[in-house]
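One chain, chain A, links the two complexes that follow: it is found with chain B in the first and with chain C in the second.
The block that comes next holds the complex of A and B.
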């Protein structure tokens, strides 16, 4: 009874915040609504028993995306004319709204169709539980992501790498290979720079804990890497560490370390049984190695994606 | 029985979060909206702790991540409010920042 009450209130609030984010006229209010939406959806995943997804939503939806949108909004506001209209407003085709509406409706319809076509619940619970022992892991989600369906995870990290290359390609010629974003200034001893020293140690601990705990309980490389990326961005925003040159060899080595070792171990599987097949005895070792290196690469990828294209010459 | 109490309290906290949502909708200033989001962040952490006490211990980790990243969003807000998005509102002299913003609008 009380459980149902909680769930009904939460669901109503999620719908209300979603409607608010779409209907509000101010862009800033919409961004704040989106951050709150991420937080409420994380609570909803928690109620559904999907703690791993809740962690990812809290870190990415409520955290990293919020900062990305706040930064983008600040940039848009600085580019607006005195009367608040964008410089290229007259050139926007009139058809853009109906087309966007149709695209959104088509996506929603495709998602609804996909949901209705899903096999009945508990379809894969039993097989995963039966084979969990062979992976030497305690968390079935990590077992699926890094063993049973490692293929998906490998491709996802490579997609993120491709997205980063896409962001970098927006750099102007003068800043090619240079440092992303503007040089950050803070008043030394001020609130911002003190906060930038206070929070990172705590964040570092939480991020590493999430990666380490991910083998046997909720957590994992992606969630941990998002927290670590936030820590890095915080130190950067507090002016404690400047963003690296994107042409730097160390940076590029860190970016490809995870996917490269993942791929190498996948190929090594060929000598045992086949591509991406992990010998059961070595499963824990392989999983932990891949997770540790993926965490490094994902941290750098996510941080650089938020920092944006290079804007300052090398 | 205790679990039902904890869930009931979490539901009450959700209602206080709903009150903060009204402040996000009304504003009127950006700082009002951001502070309401911070209040919701604190409320959300409290909800995760109550859910943890109600029998879902892993909820504590979600609370940790929410607490950490809510503070991070506040820093992102302060940064975005500063001149050209890379400064420190504490360091920007008020008149200088206003002039800079007007200049930025004219030239960017």
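The block that comes next holds the complex of A and C.
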């Protein structure tokens, strides 16, 4: 009774903030609504018992995406003129909104149709549970992400890398290879620099724990990397560590370590049975290696995505 | 008995949250709104954490609840300081009723002032 009431209220609130995010006039209000939406959806995943998805939604959907949107909003506002219009606004035909609406509705309809056409789901619980032992992992979600469907995870990290290259390509020529973002000036002993010293130990512990625990219970490389990237960003905002030059070799090595080793192990599988196939005896070792290096690469990728394109010359 | 105490504490906590929310909506300027938010939410969350801690099954769980409360206190206090400083720099003196640094001002500071020198 109370549970049902909670769920109904939660669902109503999710729909409410979703509508608010789309319909509200101000962009800042829309971003805040989107962040609240992400947190409520994370709660909904918890209610459905999908703790892994809930963690990912809270960390990436609400946290990281929210920060990215706030950063984008700050950049947009910096470029807007006094009257709130861009100085060189391209002429936008009046028909663009209805066309965008139609395109969005058509995509939604196509997705809904595709979903409804699927054969009734009999679930993959049984096959995953049967083969879980071979992966030497305790958390079926991690087994799916890093073994049964490692293909998806490999491609996801490469997509993130491509996104980062896209962000970097926005750099002005003079700043290419330099440091991303603006120099942070903070008073030593001030509020922000104290906070920046106090929180990282806790954040590091939580981030590493999330990755390590991911093998046997909810957690994993993506969630852990988000927490670690947040720690890095906080230290950077508190003026404790300046952002690295994007041309620096160690930075690039850290960026590709995860995907590169992942790919190398996937190719090594060819000599055993096939691409991305892990010999059962070595499953745990391979998974932990890939996950640790992925965490490093993802932390650097996510942090650099938030910091933005290089703005200061090398 | 313990359930009743939990219930009482959570209701008390919710009253603080409600008061803080009313304060955010009704108070005239950024500094008084921050006052409403940080004071009420910290105490409200403390009471709810206490209510949940009474239901906890182990000391480790209680320690985690206390840690969460302490971290939220720390984060709320820090961000309140930073928002207050930006509001002060942008001309809204505490208690002035001026609203120069309302929520829509965030993210619109000129490039040189992105960080409020905290």
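The rule is simple: the second predicted complex is superposed on the first by the 305 of 314 C-alpha atoms of A that agree within 3 Å, B and C clash if a C-alpha of one lies under 4 Å from a C-alpha of the other, contacts with A are read in each partner's own complex, and residues count from 1 in each chain.
We adopt the following convention: a contact is a pair of C-beta atoms (placed from the backbone, for glycine too) under 8 Å apart; a residue touches a chain by one contact, two chains touch by 3 or more.
Source: prediction; values computed, not measured.
Looking at the superposition, the partner that touches the larger set of chain A residues, chain B or chain C, turns out to be B. By the document's definition of touching, neither partner reaches A:268: not chain B, not chain C.
Of the two partner chains placed around the shared chain by superposition, chain B and chain C are both touched by A:195.
In the superposition on chain A, A:186 makes contact with both chain B and chain C.
In the superposition on chain A, A:282 makes contact with neither chain B nor chain C.
Within the superposed three-chain model, A:254 lies out of touch with both chain B and chain C [touch as defined at top]. In the superposition on chain A, A:18 makes contact with neither chain B nor chain C.
Shared contact residues of chain A, touching chain B in one structure and chain C in the other: 26, 28-29, 32, 70, 73-74, 78, 182, 184-187, 190-193, 195, 199, 202, 237, 239.
For chain C in complex with chain A, the residues that touch the partner chain are 67, 71, 74-75, 78, 81-82, 103-104, 106-112, 114-118.
Within the complex formed with chain B, the chain A residues making contact are 2-3, 5-6, 9-10, 13, 16-17, 20, 24, 26, 28-29, 32-33, 35-36, 39-40, 42-43, 46-47, 49, 51, 54-55, 58-59, 62-64, 66-67, 70-71, 73-75, 78-82, 181-187, 190-193, 195-196, 199, 202-203, 206, 209-210, 213, 217-219, 223, 227, 230, 233-234, 237-239.
Across the interface of their complex, chain A is touched by residues 4, 7-8, 10-11, 14-15, 17-18, 21, 24-25, 27, 30, 33-34, 36-37, 40-41, 44, 47-48, 51, 56, 58-59, 61-62, 64-66, 68-73, 75-81, 84-88, 90-91, 101, 104-106, 108 of chain B. Partner chain C is touched in their complex by these residues of chain A: 26, 28-29, 32, 70, 73-74, 77-78, 182, 184-187, 190-195, 198-199, 202, 237, 239.
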